[in-house]
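Two complexes, one shared chain (chain A), two partners (chain B, chain C).
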Partner chain A sequence: MASPLEQFEISPIVPIQIGGIDLSFTNSSLWMTIAVIVAGGTLTVAAGRGAMVPGRLQTIGELLYEFIAGLIKETIGSEGRKYFPIIFTVFVFVLTGNLLGMIPYSFTFTSHIIVTFAMAIVIFLAVTVLGFVRHGTHFFSFFVPPGTPLVMYPLMIPIEILSYLSRPISLAVRLFANMMAGHILLKVIAGFVAAMGVFGILPLALVVALTGLEIIIAFLQAYVFTILTCLYINDAIKLH
Partner chain B sequence: MSEPERPSSLDDLNKRLKDARSKHAPDEKPEDEGGSSGGLGLGFRVAIDLVAGVAVGVFVGWLLDRWLGTTPWLMVLFFFLGAGAGFSNVIRAERASRTKPD
Partner chain C sequence: MPQLEQVSTFPSQVIWLLITFAVLYLLLWRVVLPKISATLENRSQRIANDFSRAEEIAAEAEGVLAAYEEELAKARSSAQDELHKAAEVANAEGETRNTALTEKLSGNAEAANTRIEDARKAAIGNISDVAEDLARQAVERLVDTTPDASTVNSAVSSAIGERY
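Up next, the complex of A and B:
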């Protein structure tokens, strides 16, 4: 029987080697491309019509727009509106990746830590640059929690800096671990269906339920990733 | 159509509405709270926040050690600082989630 980890295997589709660096177009790249095409295509069609009474696709587009706009207003306030494009892109890309992963025989690129970490580190660096642009060296006061007595500075500043540096890691690991754990669980329990013969009906029922749960998690983790991005931007703009 | 019949049917409807609401309300709550399935989601979040703090602390300590040649002392020091950072992550996240939803 296939291992439950086989689904995460990276296999090159178009091998490309440039200067000893492996830049192959892999199944992971393929599914990222599909995600971009699906998301871009859906939203282009959704936005293209602009009917007074929205059709199905337009409703999806409007729901997504209003959801993210509301999220930004709640976490950052009206100042956050200019960061709408990046936040919307992050949400739609992660969500599409998570949902595409639910299609049997597809590949879940969000279940690879290097993918989520790449996104997290880009967000982290961008937010840090944003903080310095907005506040200059005053941004360093972010590492001193308000109300800290002077005696505690040598202890609190390293802790705050480490806490700040741990952000991209917890952001990346949260999405990756949730997606990977869910997909392994599905495959392991699906393995029991064949192994248990007639009684396989029980794990089969469980797989059906877990598939539903996984779809909820796909939405939830995209939402969590996005809301944390919003909170980080908020921190960089407002400092505490 | 007699008068007394109407209030009773309204009462009945009210009761049925209340029953239906109480049956559906618990279903919607846990999803709104942000955890994937209540306690499991929360535990996952806390664990990741804690481990991320420690991991970053150890990594930074290891880098400084290699740079300054003080193996293993800075790594030990930064392990504890990282643990502190992990706890402060958890406390901050918990405080934020407690003030946010309501």
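Up next, the complex of A and C:
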């Protein structure tokens, strides 16, 4: 039987080599492209007519819009409006990647640490730059929680810096680990179905239930990734 | 774990992530989000407009109702006045007609009385003529002499005068 890890293997579809670096169009790239086509196409059609009384698809687009707008308003406030497009894109991209991964024989690009880490490090760097642009060197005060006694500075500052630096890692690992763990679990339990013969009905029922759970997690992790992005932006804008 | 083993695929994954994400970002930022935002804006504006228009119309309707009620009250009071006036006129008219009629009737009655009196007198005159004639003929038959006209006349008129 195939290893439960086989589903995460990257295989090139169109080999591309530029300057000795492998930039092949792989199964991961294919599903990223599919995600863009599905998400972009759906939302373009949803926004398309802009009817006064929305249809089903348009309602989904508007709900998504108002959901993210509400999220930004709650976490960042009115200053967050200008970050709306990028935050909306992050949510839609991650959500679509997670959900497409639930299709059998598809590939879950969000289950790869390099993908989630690339997103997390870009967000981290952008937020840090934003903090310095907004507050200059005053941004360093972010590493000293208000009300800290002077004697605690040598302890608090390294802890705060470490906690700040671990943000991209935790952001990346949380999404990657959740997606990977869910898919491995599904694969392992699905393996029992065939192995247990008639009693395979039990793991089958479990797989059905877990599939539902995984779809919830697909939404939840996209939401968590997005809300943490919002919180980091909020920290950079308002410090404490 | 392929995620950590296939390090050689990292540049490919990152570059395709950047490309696809950028495409999606541009599409959403430039096309989709402005459209949805405009739609939502239009809708909320339309709803606000409809509400204010509804309020205007309600106020207008109230004004119309008040004007109507005022008009109605005016019409009612003027109708009352008309009615009063008409009743007065009718009363006056009735009065004058009544007096006229009464006068006319009393005049008629007088005339009728005179006529009756005349008729009675004429009738009495006629009776005396007939009575004279009758008396003369009766005398002629009974005593076979023609009585004197003045005698008969005085006898008849004294007899009638006794009765009437």
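Things worth noting here:
Everything below uses one rule, namely that the second predicted complex is superposed on the first by the 240 of 240 C-alpha atoms of A that agree within 3 Å, B and C clash if a C-alpha of one lies under 4 Å from a C-alpha of the other, contacts with A are read in each partner's own complex, and residues count from 1 in each chain.
Everything below uses one rule, namely that a contact is a pair of C-beta atoms (placed from the backbone, for glycine too) under 8 Å apart; a residue touches a chain by one contact, two chains touch by 3 or more.
What you see is a predicted model, and the numbers here were worked out from it, not measured in a lab.
After overlaying the two complexes on the shared chain, residue contacts for A:98 are found with neither chain B nor chain C.
In the overlay built on the shared chain, the residue A:216 is in contact with chain B alone; chain C does not reach it. Touch criterion not met for A:234: it reaches neither chain B nor chain C. Contacts of A:110 after superposition on the shared chain: neither chain B nor chain C is touched. Once the two structures are superposed, chain B and chain C can be ranked by residues of chain A touched, with C on top. When the two structures are aligned on the shared chain, A:44 is found in touch with chain C, with no touch to chain B.
In the superposition on chain A, A:158 makes contact with chain B only, not with chain C.
Judged by the touch definition given at the top, the superposed model places A:169 against chain B, while chain C stays out of reach. Interface residues of chain A facing chain B in the complex, by the touch rule stated above, are 155, 158-160, 162-163, 165-167, 169-170, 173-174, 177-178, 213, 216-217, 220-221, 223-224, 231.
Listed in rising order, the residues of chain A touching chain C in the complex are 5, 8-10, 12, 16, 21-26, 28-29, 32-33, 35-36, 39-40, 43-44, 46-48, 50-52, 54, 58, 61-62, 65-66, 84-86, 88-89, 92-93, 109, 111-115, 118-119, 176, 180. Chain contact summary for the complex, chain B toward chain A: residues 31, 34, 36-37, 41, 44-45, 48-49, 51-53, 55-57, 60, 78, 81-82, 84-86, 88-89, 92, 96. Put simply, chain C touches chain A in their complex at residues 1-4, 6, 8-18, 20-21, 23-25, 27-29, 31-33, 35-40, 42-43, 46.
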